[in-house]
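Next come two complexes built around subunit A: one with subunit B, the other with subunit C.
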Partner chain A sequence: MNDPKHGMTLIVKTVTRITVWLIILYGIYLILHGHLTPGGGFGGGVIIALAFLNVLLAYGRSFTKNWLNLKFMEDIEAASATLFLFMGILGIALGGRFLTNFLGPGKPFTLFSAGHIPILNILIGVKVGMCLFLVVWVLAALRTGEGGEE
Partner chain B sequence: MILPYFIAIPLLSAFLIALIAGRRDSWAILLSNVAATSLLILSVYVLAARHGETLIYEMGGWMPPLGIVLVQDALTGLMLVLVSLISLLSLIFSVSYIRHLDRSWRYYALFMLLITGMNGVIITGDLFNLFVFMEIALFSAFALVAYGGRAEEYEAAFKYAVMGALSSAIILIGIAVLYSATSTLTMAGIAEVLPEKDPKIMYWVGGLFLAGFGLKAAVIPFHAWLPDAHSSAPAPISAMLSGVLIKVPGIYVLMRVFMNVFGAPDLFMQTFLVLGTVSILIGVFLAVGQWDMKRLLAYHSISQIGYILLGMGLATPLGILGAVFHLFNHAVFKSLLFYNAGAVEVALGTRDLKRMGNLTRILPVTSLTSMVASLSISGIPPFNGFFSKLILIIAAIQAGRPGLALAAAVGSLLTLASFMKLQKYGFRGEREVKTVKATIGWGMKTAMIVLAVCCLLSSFLVMPGIREICLDPVVSVLLDPSRYIQMVMGR
Partner chain C sequence: MPVETWLYFILGFMIVGSVIALEIRDILSSVVAIGVVGLGVSVAFLFLQAPDLAIVQFLFEIFAMVILIRAFVKKDYHMETPARVHGILVGVSILTLVAVLVASIPVFRLLPAFGEPLMETSRHYVDHGLSDTGAANLVSAVILDYRAYDTLGEVTVLFTAVLGTMTILRIRRAKNGGGKDA
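Up next, the complex of A and B:
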């Protein structure tokens, strides 16, 4: 893991090891509180992607490739988008219109309120987080000439 | 209510393809073809069962000034049928064609995203929503242009991406100005309050939109990206780009915004006439000298877009009828011509007209259908191009503009000349070609034959009886903006 040939210096690696989970936690917080405070699926998703990118920058490509299951990330990215569409179609089935808020509004300003908006925020967060990371991953592969087919 | 399915079906199939396709393309082919077929059935059903009627759909149950509405009227119905028809045939063509490049599912997922974007642009009633769907369509188009992975394809895609991003930025500025002036993004709502505002706002935004959407439609002087992008893309994608993509974010939006939202202001109609005439003549002059078959076809797209703009600019019922009819016809015959070019490229490995020869013996289907398409685009009866060009020329004379009618006729003659060149050198030349590199698959043949039949059948769209269902409601939608406003906002 602390292979000095790849990635940055030991200082950066240590700081990254400590902070990466905090960054992911902050992203999850932004996603879950999207309907209450500023933030939401997109912003939180970007922060999650940045946490993975931190690891990529600090530890290098080969370590990140072993640490993350990229195929699985691709799959849940497509799955979250599909589920978002299913939520929309469920809105037709239960509320009469595409993407109708078929869950009640709940008690305002509590975590479990605003109907289906938190669910949609989570789906968007997963989609954006995985998608942005994979985009940078593929673009970085083009630069180093590795080919983006991992 | 079936309106959201026009967006949901292709989007769902795109993500499902990414999810379940695995490494092979068989699931992707199956899913994308099923989705495109169901879109065609849906769109034909909507056009036939509800002709002339306007359907409104509030997304998420939110009413117009707050939420996004989907609007289905006669123009939308015709455009949806057109997009579904061309995309289904292009998919059938792709099954044989793309396997010469690779067997990946990615092509089909991107293709479905392209359809999603175009259907969204057509069906939405909200200006910013239109912008978002336009970006979806364009970004998948950039990727598809570069799909072959050769240097010239990357170059064309990059050029297209730069020009597309530039025009999108211009459009976004226009939308922002319009939003700050009218406080709404619903197109019908904008049309409702815009007459009370300073007309300078409309001219300012109109100029931005003309440049932005004009760039998407590749009207001269905004055409520089088109010949590269259309000639480098894989043949079914060239057919999609030239057949529908320059029409949906380009011509359709120009029609919708300038006719329905701005109420056909005279200044812009005159501009359309000038740009249309210039595009007809310069496009065809640029085309005549080309020896690359797809490049020749690409320059003809510019010229034919000029005819559509000419009809729009006349702003008479007959002119708009001609424009809408020519829009439909151009999509049919230009897609067919690009399929022909793709088939020749597969069989001979070249697009250079000088290196082709007598292909009637070895490629009978391709050379026969290319003859049909060439006659259509040159305006020879009884094919569809003749009727739409005739209507446009009569409309120009009726509107008291014989000079424009002359320009249109000259453009048509030069089109005939350049397609005689294409037939003479490309398909019926003296050099006998005996061997082919690869055979043409059944999918490619089917797509070409169906479109060749459509070249004949779509002539019937102007026949009395069919015209009242397909074309006349479109003309009345475009000529009467107050009805559009009332239908969307009137509840």
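Up next, the complex of A and C:
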């Protein structure tokens, strides 16, 4: 894990190891409270992508490749897009129109309110987080010409 | 101070940043200047009381900075030598812009006050957003309930972006003769 040949110095690696989970937690908080406070699925997803990017920059490619399951990330990225469509079709089935808020408003200012908005926020957060990290991963491979070695 | 004064200050800051980004010789400094412009946009959103947009703009600025630095800084970089007519072109452009600005002063007088009037659709959202959707954050109510189609389009765009980059990676891998799984 602390291979000095890859990534940055020990100081950067230690700080990253401590802070990366806090960053991910903040992203999850923004996603879950998207219907109550500023933030939402998009901002929270970008924070999660930046946390993974932080690990990629600090520890290097080979460690990140072992740490993250990239195939699984691709899968849940595609699955969240499909689930977004599925929520829309569920709106047809239960509410009569595409993407209808079929769950009802609920009690405002509580976590479980606003119908399908939190669910869609979670789907968008997962989608954006995985998508942006994968795009950066591929772009970095193009720059260093490592695409063929994986 | 009123919001407009701060906005003028931030706008001037952003214009200076973009001019520096264009004119500076060192590519890393240029990328940092672009980041300064994005930061100005983020602060402007904060002054306009749009924290959602400010958060997303600020995060994307960091993201774009990382991508730009990683993608461009170490590459061989072709420095453009300014043409002989460069000075004349700049002068003509500045003169044209000033002429357009002076000619449009009467139009600026006719414009309504900043942020006024509230559109009919926006007023409906402000008045009925909480009771219709139950979401305390009105921005979430608009992008995920009233305008959920747009968000679906955005999800499609992101999906296509990942598909495109993955396709490029596959082509490179095939070209380099590797058939191993990523």
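The working rule: the second predicted complex is superposed on the first by the 147 of 150 C-alpha atoms of A that agree within 3 Å, B and C clash if a C-alpha of one lies under 4 Å from a C-alpha of the other, contacts with A are read in each partner's own complex, and residues count from 1 in each chain.
Here is the rule we use: contacts are C-beta pairs under 8 Å (C-beta built on N, C-alpha and C of every residue); 3 or more make two chains touch, one makes a residue touch a chain.
Computed from a predicted structure; not experimentally measured.
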Could you tell me if A:107 is touching subunit B, subunit C, both of them or neither one (first, second, both, neither)? second
Just checking: does A:78 make contact with subunit B only, subunit C only, both, or neither of them? Give me first, second, both or neither. both
Applying the document's definition of touch, where does A:99 land relative to subunit B and subunit C: first, second, both, or neither? both
For the overlaid complexes, name the partner, subunit B or subunit C, with more touching residues on subunit A. C
With the two structures laid over each other on chain A, which partner does A:38 touch: subunit B (first), subunit C (second), both, or neither? second
Which partner does A:88 contact after superposing on A: first (subunit B), second (subunit C), both, neither? both
Where does A:22 make contact in the superposed view: on subunit B (first), on subunit C (second), on both, or on neither? neither
Return the residues of subunit A at which the contacts from subunit B and from subunit C coincide. 74, 77-78, 81, 85, 88, 98-99, 101
Residues of subunit C touching subunit A in the complex: 51-52, 55-56, 59-60, 62-63, 66-67, 70-71, 75, 130-137, 139-141, 143-145, 148-149, 151-152, 155-156, 158-159, 161-162, 165-166, 168-169, 172-173, 175-178, 180-182
Over in the complex, which subunit A residues touch subunit B? Could you list them? 74-75, 77-79, 81-82, 85, 88-89, 91-92, 95-101
For the subunit A and subunit C complex, residues of the former touching the latter: 30, 34-43, 46-47, 49-50, 53, 57, 70-71, 74, 77-78, 81, 84-85, 88, 98-99, 101, 104-109, 113-117, 120-121, 124, 127-128, 131-132, 134-136, 138-143, 147-150
For subunit B, which residues are in contact with subunit A within the complex? 1, 4, 8, 11-12, 15-16, 18-19, 57-61
